[in-house]
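The two complexes that follow have chain A in common; it is paired with chain B in the first and with chain C in the second.
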Partner chain A sequence: MTATQHEPGRTGRGSDAPASTKPRRRWGRPTLYTSYGQEMALLNTRAKQLGVLAIIAVAAYLPLTLEDDLLALLGTGLVLAVGAIGLNLLIGYAGQVSLGHAFFVGVGAYTAAVLAGDPDGRYLGFGVSEAPVWIVAAGVVAALFGVVVAPLATRLRGLYLAVVTLGLVFIGQYFFAEWREMSGGPGIGRESAVPVVLGNDLTRDGAYTEEQKLFWLFLVVLVIMALLGRNIARSRIGRAFAAVRDRDIAAGVMGVELGRYKLIAFTISSFFAGVCGSLLYVGSGQFSPEQFGLLLSVQFIAMVLIGGVATISGSIMGALLIALLPRLSSELPAFLPFVSSSPTDHPNVFEVEVGLYGALIVAFLLFEPRGLFGIWLRIRTYWKSFPFSY
Partner chain B sequence: MSAPQTVEQTEAQTVEPVLVVDDVRLTFGSVTAVDGVSFDVRPDELFALIGPNGAGKTSVFNILSGVYRPQQGSVKLHGHELVGMRPPAIARLGMARTFQNIELFANLTVLDNLMLGRHQHIGYGPLAALAWVGKARREELAHRARVEEIVDFLELTAWRTLPVGLLPYGVQKRVELGRALAMDPRLLLLDEPVAGMNQEETEDMARFIVDIRSELKVPMIMVEHDMGLVMDLADRVLVVDFGSPVATGTPEQVQRDPEVIRAYLGADA
Partner chain C sequence: MSGAGTTTAPTVGTTTVATRVRDRAASDPTAVAMRHKDLGVWKEISWAEYWDTVLTTAHALLALGVESGDRVSIQCENRPEWLELDIATVAVGAITVGLYPTNPAAEVAYLLSHSGSCIHLAEDQEQLDKVLEVIDQCPDLRRIITVERRGIEGRYDDDRLLGWPALQQLGREHRAAHPGAVEARMAAAQPDDVLTLVYTSGTTGPPKGAMLTHANIAFGLKTVVEEASFVDPPAGPDDLTLSYLPLCHVAERFFTTWYNAGAGTQVNFAESIDTVAANLTEVQPTLFFAVPRIWEKQLATARIKIDSATPVKRAWGRFWLARAERTGELLERTGGNHTLGSRLTYLVGWVLFYRAFLVRLGLRRVRYASCGAAPVAPDVLRFFMGVGVPMHEVYGMTENSAIATANRPGRVRLGTVGEPLEGAEVRLDDGTGEVLTRHPAVFKGYWRDEEATARTIDADGWLHTGDVGEWVGGTHLRITDRMKDIIITAGGKNVSPSEIENLLKASPYVKEAVVVGDGRKYLTGLIGIELDTVSDWAQRRGLAFTTYADLAAKPEVHELVAGIVKQVNERLATVEQLKDFRLLPKELDHEDGELTATQKVKRAAVAATFEELVSQMYAVPGGAR
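Moving on, here comes the complex of A and B:
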């Protein structure tokens, strides 16, 4: 009596199914599924498939049209999006509030810089130059730190967990600052990892500029990480996260081990943070310990809240908005003459920028709790039912 | 004289009880919630647990599912001692339950809630989930098919893809029953399955409970205040009052028991 067929043995469209039995999708019936495989696919409507393809195509084309400084900013947004997805898996899906994300980003950044660093240079380095290697390594090392931290944090919940993870940021900053051989010390910093992909140094301008090549690298990494994030979210693991978040006693009675899934959430989230950290300062070429402070953690939380809690696409939108915020506020003096671009005058663009973070978080929590993703949902629903309002 | 006795004994041995609760006692400080409760549940049996408000019925359920740990006594499911085990481990042994106040995952769809019931039967780990292709996808598809059978069984088709929080109360109760059934339970605990339901919803739920017993052959323990339902459906009834067992027997025996009448209606009745 179910709307769709069910055959436990042979379930739908798979690579093993003969080509002739491959179900065809029909235009005009986007939610007509003839197999569970179709319905459970990542992009389960034609509109989603084409839409995501179009967005990726436009993003891949951007470097050919935009100026390098804007491109660098957007590239940073893409890298931040990886970290935001990681934090959203932890906060949005698993419901574990963490202020310690900056610490794991820092671990990733230093792992990458140390691995890729010049062995004969001033700071610690092992000369592993291939970017895919140190990107993955940075993720893995950060994930290991996540494993170590998780048991402490899983004994607490809510506000207490937030405070404990806050402590993590300060401990991390202390170690980053004091281990000068690795980090270069506060205020000085060290060089970041130089991205080399298959022997090509991306920081050298060739047929394309450094910013263009880095943007493409970041885009590829983000697409891969977003895919991994979505897979986790729709899997048994993601469902268990949601169970732990929504009702932990019922989750236990259903056979979900709370501690285990909090540990997995921290580990995966830290992996994403590590990958984000490894690439975050590649564009600027230099970073110092104080960059992994509370502000970075708060920015990540802002990305999650503004983008949309428990959504992957929302995390990306939130990260891009936060990354573009300094640029947006620097354009303000043209529209608002009383805002000065000089740091000595008041009010200046830097003050406005800090104020905007807070204002955005407050405004979104009050008026659009589902974030940018919620705004997208409204637009979509409006056009789906157009010209009727319901 | 001795021959019929041995026949009865061997019969009793072959019908081994699914669950044996022996002299369980649970206290919170100086309050005794459950005091010396003992009963057993046989295969295919619908066992009812009744008593006035605050008698300790839900506390018994919480002991069975591992949420509370009793100070004394033993609980054995198919011979496994449950006291001291944590809820997920008890769930893996085949204990499933519903809750008095619905404990569904309100943000998830009906299908996802049921898939969470399958959690312990799905085997792939985090790395397979990251990659999705291969093992994770295969298992998701197979268990999705199993979940659709439950959707069909409980007539939840129309609500499958809606978030549970948006559904009417009676349907939510049914989804919760479905989530417990998705666990492929060897013993099902129903905590007030028809509480707050109107006549029609109550009859629907009663029919599902009868179907579970006759088609799925899952033994059940039911806590319920609707006496009509209990007396119609239950094979045996245990009456508790102030945490202590008052009487055990068939619905007819229990209804005639003077102690039970006193517990429900007061001493002078």
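Moving on, here comes the complex of A and C:
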């Protein structure tokens, strides 16, 4: 059976008939799609358009209302979200399990710091101060590392791939720690890149505080990267990723070039990780090599699993939750008197926080495998199918 | 809008459906004429494109040597090509003959040979095989046009076959060589010319071809679109309809092809009869005509979905449906007019429930809904009135171009088919109570059947409909039954079986009901269960079953239906009560000759097929409980 669908009589229409009608949307009929463009549109319903607009508006307004410390935390969440989107493209969409995300984040962070660093300072620096330049450069350099690693992925699957990428983290940590001229060495670290946008140093308080300005910068970057991620996911590449994830042999039979798409997946994912890394320590101003250890990789995986596998908005939700976790656990002593806020007592909030990662991952995998996005999906389906259940 | 055709009419001749399409293409070329779903997307066809294809197709018919008065037959599911070939045929002065896609080969042979069709459109391989099987019995048939290519191209070696693209190519060549040839034919059309043969489905005997003329259609359109417009504002280019009933049936033809040409409504073709529910929710039509079967199915689906919803939704749904039932009863008393109280209740309900409910059923935007073509239980209509669908029962038949009576907004009387339309005379025969109609849309006669024509139209021009009716309140007509279906029991009582059957069919679990008892001591029934709902019911009770026959044979199912029969019996007089019933072991089917193409039960055929079940009910002494 051939897949070609014959369209009788429709082919000759364009020739003698006047200009054919442009596809239009009919009011009040959200599912009456008159062209593929409408159906595949990024925001294909009015509700989605308004919803996204409202969320962005609220996010842009937040810096004017929140305290600076909470704002810094949320800002970190936004940056982490960029990395989580990248990892989700790799794990969620393309199905390639990777524990090496921390390595690419590290590459991004050092690229940015080196590029933006003071040429006359203690550590390596080239004095490229404009943030957009070093953000993109950090992404590109990380992506190049992704290209180098990708050939391994085309030969390995599942657990083996996970172990190999795990090795990447250790190799990375060794290099970061030993190349002291660049990183400052373990326990000491170096200053992170200073964000300068069009000549304005965002770390200097002016009409707005540093945290406010950084939050807005992070928000802009996240919106751009999320849009990029969403578009990759719903395009030809995203569909190829999904095919590889669901069954690589079947995908190969269908004509999806496995090697090529695994390479693309690692490259894109690393690019996102690089961008994330370039901004991750901008708020704190200082970072050291041991931060790019296995824990960071696990945190990213937690964001993906808790947020929702193979969803962009889920990645953002997961990243924000993980970023806010320390803050949430620090509130615990008020409710649970036996939890101490002092690191010397046991159990203390830091131990609880680590335990919470694990507990959250286990709980989500058991009870809500689709993550936070799954919860949202459930709510949406409940009202979408109202007053029926299906 | 439709005035464009009538004002220019004197200079170019008779207004036909073809000139209406042409004039609309000239006045509003980019407006949407129809949509059809292709690979998941609703492709739009503008009026200009529609007319362009019609013109090319008409030229192709000329190239194939179609003369005025020749017959062109179409056996095809609803799709743009049906309308395009139909209008093209009318444009060249030929006569369209529609066949049901479900017509088996034997019926195809009869219809093609009886009509003397010279060009036949067979949609796909299935329809083509039917024609080729019986082509020796159709001496007049010269060419067969096919629309779908799959399974046909390269596999059939027959000079008479012509694919749709080839037909268009033929038309383009002829159009270039003879510009204006089609227009000349259109200008020559006379009001009295026949434009279509509509074969009646024939519950008894072979189908008869009713000849409808341009004047018939013109009167019909004038009545329902211009004069007695049942919606305000009148139906126009902003209205959407869903086309899914067979186009060869006069009701769908009227509502799709002629209405589209006359009022400019946008036709949306459903993918198939099985996807009507899904297509309804996509299209959300503003004008919706359905046969009772569809309304019954919608009602059953809604009830089942509410019953199987989560507890909170279920309670919520039941609460509002109970309110709707009260509203429906109120509207029944007031003829469809809200009181202040009911309007307020409905307003609150609309926000909290009915709006979402109607969206899910695809009826949210419906501003005029009608039911006709077969008898319907008032309960079904009341339900839809209650939830806010402006529901109207209408009455008409092939022989009067579907123009007779209709319930009007604000003057609805449930259980009746409404008041006579403007310009239509309706009266009851003094002796038999038969409904007689007389107006300019009464057909010209049966094709090649003078005798049947004489029996149907009397000397004064009255059409004998064959339906028995009575006046309710002096204004509204109630149809009792088909004359030949009236059961006279051994006790001499006249009983109308369809009323009892419709009460039974109002239950979501009953799909078919056939009441028997002509010349017998008491009435009994053959009942067919609705597979969807009963299997759902059985599953929720953990009742295992394999096939339809197995399910119908379950004692639990028998008990379920017995409960429904008991409820119905309570509402009937003693002579009308069913003393016994049997469940049909199979679904009734057109192919097996138990249903007509319009899904009406052929009583005689059913009674004959299930003779054994019937005799059981009368043989067993304990049958009469």
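Heads up, the rule we're going with is that the second predicted complex is superposed on the first by the 356 of 390 C-alpha atoms of A that agree within 3 Å, B and C clash if a C-alpha of one lies under 4 Å from a C-alpha of the other, contacts with A are read in each partner's own complex, and residues count from 1 in each chain.
Simple rule for what comes next: a contact is a pair of C-beta atoms (placed from the backbone, for glycine too) under 8 Å apart; a residue touches a chain by one contact, two chains touch by 3 or more.
Only a predicted model underlies this, so the values are computations on that prediction, with no experimental measurement involved.
In the overlay built on the shared chain, the residue A:Arg46 is in contact with neither chain B nor chain C. In the superposition on chain A, A:Arg370 makes contact with neither chain B nor chain C.
In the superposed model, A:Val253 lies in contact with chain B only, and not with chain C.
Of the two partner chains placed around the shared chain by superposition, chain C is the only one that A:Phe386 touches, whereas chain B remains out of contact. By the touch criterion defined above, A:Arg180 lies against neither chain B nor chain C after alignment on the C-alpha atoms of chain A.
In the superposed model, A:Thr34 makes contact with chain C only, not with chain B. Touch criterion not met for A:Arg157: it reaches neither chain B nor chain C. With both structures placed on the common chain, the touch criterion links A:Ile232 to chain B but leaves chain C unconnected.
Taken together, the two structures place residues 2, 6-8, 11-12, 36 of chain A in contact with chain B in one case and with chain C in the other. Against chain A, the residues of chain B that register as touching in their complex are 65-67, 86-88, 91-92, 97, 99, 103-108, 112, 115-117, 119-120, 122, 124-126, 129-132, 136-142, 144-146, 148-149, 151-152, 155, 157, 160, 179, 183.
The touching residues of chain C, counted against chain A in their complex, run 29-32, 35, 38-44, 46, 48-49, 52-53, 56, 80-81, 84, 147-150, 163-165, 168-169, 172, 240, 281-284, 305-306, 308-310, 313, 316-317, 320, 353, 356-357, 360, 364-365. Every residue of chain A that touches chain C in the complex is listed here, in rising order: 2, 5-13, 16-21, 23-24, 26, 28-29, 31-36, 39, 385-390. In the complex of the two chains, the chain A residues touching chain B come out as 1-4, 6-8, 11-12, 14, 36-37, 40, 42, 228, 231-232, 234-240, 242-243, 246-247, 249-257, 264, 267-268, 310.
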